[in-house]
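The next part holds the structures, each set out as structure tokens.
One chain, chain A, links the two complexes that follow: it is found with chain B in the first and with chain C in the second.
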Partner chain A sequence: MNWKRAIVAMFAAVPLIALFAYGFTRDPRDIPSPLPGHDAPAFALAVFAPGEPPFTRPVGDTIRLRDLAGKVTVVNFWASWCLACRDEHVTLSETARQYAGRPTQFVGVLYNDRPAAGLRWIADMGGQSYPSVADDRSRTAIDFGLFGVPETFIIDPTGRIAYKHIGPISASVLRHWIDSLVPIPAAGDTVRQPSVR
Partner chain B sequence: MRHRVIAAATVIVAVLCAAGPARAQDTGARSRPSVVATPADSTLEARTTAVASALRCPVCQGESIQDSPAQLAQDMRAVVRDQLRAGKTPDEIRAYFVSKYGEWILLEPAMRGLNILLYAFPVILVVGGLALVVFLVRRWSKPEANT
Partner chain C sequence: MIGLLAHNALLVSLFTVALGAVITPIAIRSGRRDWLQLTYGAVYTNFLLVSIATVSMVVALVTHDFSVSYVAAVGSRSTPLLFTIISLWGALEGSILFWAWVLALYAAAVVWIHHRRPGNLVPYAAMTLLAVAAFFAVLLAGPANPFLPVSPVPADGPGPNTLLQNHILMAVHPPLLYLGYVGMSVPLAFAVGAILSNEAASNDWAILSRRWMLASWGFLSAAIIAGMWWSYEVLGWGGYWAWDPVENASFLPWLTATAYLHSVMVQERRNMLRLWTLNLCVATFVLTILGTFLTRSGILSSVHAFTTGTIGYYFLAFIAIVLVATLVLVAGNSDRIRTRGNLGGAASRETVFLLNNLFLTAVMLTVLVGTLYPLVAEAMRGVKVSVGEPFFNRMAVPAMVALIFLMGVGPALPWGSTTWANARQRLLPPTIGAVVLGAIAVIAGARSVYAILAFAFVGYAAMANLREYWIGMRARHRAHGEGWPTALARLIGGNRRRYGGYVAHIGALLVALGITASSTFRTEREATLLPGETLTVAGHTVRLKNVWGREEPQRSVIGATLDVLGKDGAVIGTVQPRMNYYRVSDQPVPTPDVRSSPRGDLYVNLTAFESNGANATVKVIVEPLVPWIWFGGMVIVLGAVIGLFHRGRRTAAPSTIAVAAPEPEPALAGTDS
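Here is the complex of A and B:
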């Protein structure tokens, strides 16, 4: 009789324990994005921080995603109030410089912030090599399914989102994705495509 | 004694399961009233509130974009309002947000596939709990009736 009870209790408990065990292997903050593998949302945003040569864009100029076709585009959402954005700022600026001669384009998108505060932050951080644009009312941020800042999207030359990174991005991750996506000159129009994570 | 502890635990689980959906409905009912500019806008505001109450705020803990004062939630409400004004249906607007944030953005997941378990499990738990309570109470009351 006791054995029967033990077996019944085990059959009831094992699935629950298995469910909890599976839950503990998952990070509740890790919410899969549906965007990688799909076309990046189109945007046309005005430059408020011009960047540095050779990437300089005049203030007020409009950067359109469709104008960047054929390039690997790195779109980084940031804000002056974002502490984690400080950690990746130098990495992004330096990596943009390293890829200056190749078909890449870095764009900063200011999220939930005033351009004046963004400009002060850039000056405090010692400059930003690439231009930044203002996202009025966070329309582009919502189009990109933004949860917070910093978030970085790497868009392949065909305009498809290849990778979304939440939190400060490292140089090795940036280089991995850019190298994987930049068209190889010697191979004509061949583009290496990495597996989308 | 041990049976009474089990029965008490079962009753507590059943009550909590029954209270869960009620609390979720409260959240919708407590939605902040929207600022109504003109009578003509009231219908649009009501529709915005209905759609926004069902969408999860990405930067909050279990709040809808209607209930949250976060800037992103306000911006998302503005998107809902603009899309309604542009003639989109609530389903189309929900589909837009799902395409950006995944099904996670829906406070009430669509009733299909494995999601059906989410809806069925509390019902199974309540019914099972009540059956267990009835079963145990009847069994305990037998010896008392004999004495």
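Here is the complex of A and C:
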């Protein structure tokens, strides 16, 4: 047994083992997003599903992100073929209603789907309180670095993405982020209805 | 109840293998060889105990005993029986149990077959296998215990991973993979046994381990091909290989095992490359453990990765022990193992084998680097990168194309040396094959240099390997007046290893042909069709008939029926691509329908549908020669089987091994020169 050579060889294994040990400190599924903390990509998309009062927007109207400055905007990407979107649908509609009267705006963005299919899905699901827009050729989805549906982005009043949620979102997560971003109305302030143009 | 029994069997098995492994060196050092019966007894007892645990698990799965944690995690009353049984390897704990059972089976087989051999090699090999078994026994006793009691007992479970219950190949691919992977522990055990028993300086251990490596290699080859087939039939993208980390993990030991099967011939014939062959043996085993580690620890993201808890740390410790132990053993004894042979002429078979080993190792290192690079990049620079197909295709494909070429040169050249004139004469028929197939490829529209070279080399190597049969058969025909079928049978029977090897070559060439053709000439189109509308892709026309839905106990199925139209517009068949929605998952599992013929596949996948059945979006892919990949895989296995039934001329008398004298070529095969 040549121990000198054996010991040298043993140390050759150290970097590899160290590399694997390091690997355990990382989660390979943790896909980093460059977006949170940065300005949300601008979009201007046409409404295909009008939503319900008080959020109604006429079909064909254009929703522009920059017009929503000053509000907390919840952008939810969904599709009629997406099963997980069914789970979060009621949560989103209800939460939007609960925040009516506060400076918030919910927008649904239809991803990789036809508006006709989207409208039928909304009818099947018993309505959607807020308007949805069509994302022709997935431009906006690509700008937002969409990984799949559903994904929800919460944008603060300055237009910066505060939070990105992958998968069905829960009411508590929505409330937590909206509450932390919406300025709490001081006593005596007039609470205005969300502007409907 | 059955859970408790099985759990206790596993605990006793841990104690047994630990005792058996520890007692072996004591028995040998102290000269009490009768104690070695304890080693062998431990091997058999372990097999019995792990078999009890495995059978208990199958019984628990089949009887839906949800008081057993593994059954509660993967079982479901609505899952069909076959998929219930194969969910044994569908999740982490069950797959570790199955692994331990296969290892116990191999160890018992090794001891059963070789226990009469004198010397310390077999005891030390048994000890090595027991040590590996001890690791899996620790996993089963602790972090991967599949027999934990569940209370309260649920009424039903979620069922197995949806991807695993969608195709019958899942009953085939994992067991083959385990048989291949785990089997590679046996050559390692012989290598370690040879070093510890001071027999590494002979070629005996390599001859003992060769057949085990060939069997494992055959299983692993079949497993890789079956995995490709499964991916092709289930994942719906019309491909079969994506350089996914875990695909790579199965490919890495295959490469070193292939190199071993060639280098061991040089070791036997020329008494060269002994240290190198031993290194390949060790590397193959380390790569199988690395592969298991990558799949089972959750360190890399992959479709194969199981969700894991603390088990990764056990694997990290094990791989550290394996790496350090093997490196110390081999490096510390390398002076004694090393051989000082010399090559014959430049144009000889051993030169080609050296090149073959060089390229196989180069491909292995390339794939290893590509697989681990994301981890390195994150460790060194803190960035997430992914290494995809372009890297592997650019880096590994040229060497693989060169390997196809060598598959043609090696069989054509004799051992020792030859004159260039003789070599030229032997290489003429292959060259004709290369020109013909290369020309066909160019005419068919291939433009990529590597694709044309791959086609040409497949033609080259096919001619070279077929020529070996032709020459041998012609010689027998002339000398003995045998009919051609008799001549072929006796030719193969006379030297099964050699002609089995050529059969495996032919299989590998068919795989290479299928891969090259289907990746070069693939055509695909996607369209949304109304009923009655047609879509034509590369001369194949399909017409949407209807979209339908069906409820089954464990899933709902949405399908589209399409007629396949012939050239004259008549219906020549139907395809029914489906999407299967399993209860436990939001993601549908695509189930493409494939219409195969020797010329290639018509692959139809349903990618979207209108829920009222008004239309369907289908992707139609035409992939030439794909079935030849699966057929080639079967031919490879046939070659391995022929080689396995080689009569062991030399293993009978280990002490009289011819060390330096190269065995003469079988007389009949040499009569052409």
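Here is the rule we use: the second predicted complex is superposed on the first by the 159 of 197 C-alpha atoms of A that agree within 3 Å, B and C clash if a C-alpha of one lies under 4 Å from a C-alpha of the other, contacts with A are read in each partner's own complex, and residues count from 1 in each chain.
In the analysis below, a contact is a pair of C-beta atoms (placed from the backbone, for glycine too) under 8 Å apart; a residue touches a chain by one contact, two chains touch by 3 or more.
In this text the structure is predicted, and so the values were computed from the model without any measurement.
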| item | value |
| --- | --- |
| Which partner, chain B or chain C, touches more chain A residues | C |
| First, second, both or neither for A:Leu35, with chain B first and chain C second | first |
| Which of chain B and chain C A:Leu146 touches, first, second, both or neither | first |
| Touching partner for A:Val173 - first (chain B), second (chain C), both, neither | neither |
| First, second, both or neither for A:Ala13, with chain B first and chain C second | second |
| Contacts of A:Trp3 with chain B and chain C, given as first, second, both or neither | second |
| First, second, both or neither for A:Ala46, with chain B first and chain C second | neither |
| Common ground on chain A, meaning residues reached by chain C in one complex and by chain B in the other | 31-32 |
| Contact footprint of chain A on chain C as seen in their complex | 293, 297-301, 305, 312-313, 316, 319-320, 323-324, 327-335, 372, 375-376, 378-379, 384, 581, 586-588, 608, 610-611 |
| Chain A to chain B touching residues, read off their complex | 31-35, 112, 137-139, 141-148 |
| Of all residues in chain B, those that touch chain A in their complex | 58-59, 71-72, 75-76, 78-79, 98-102, 104 |
| Of chain A, residues touching chain C in the complex | 1-3, 5-10, 12-13, 16-17, 19-24, 26, 28-29, 31-32, 80-84, 117, 120 |
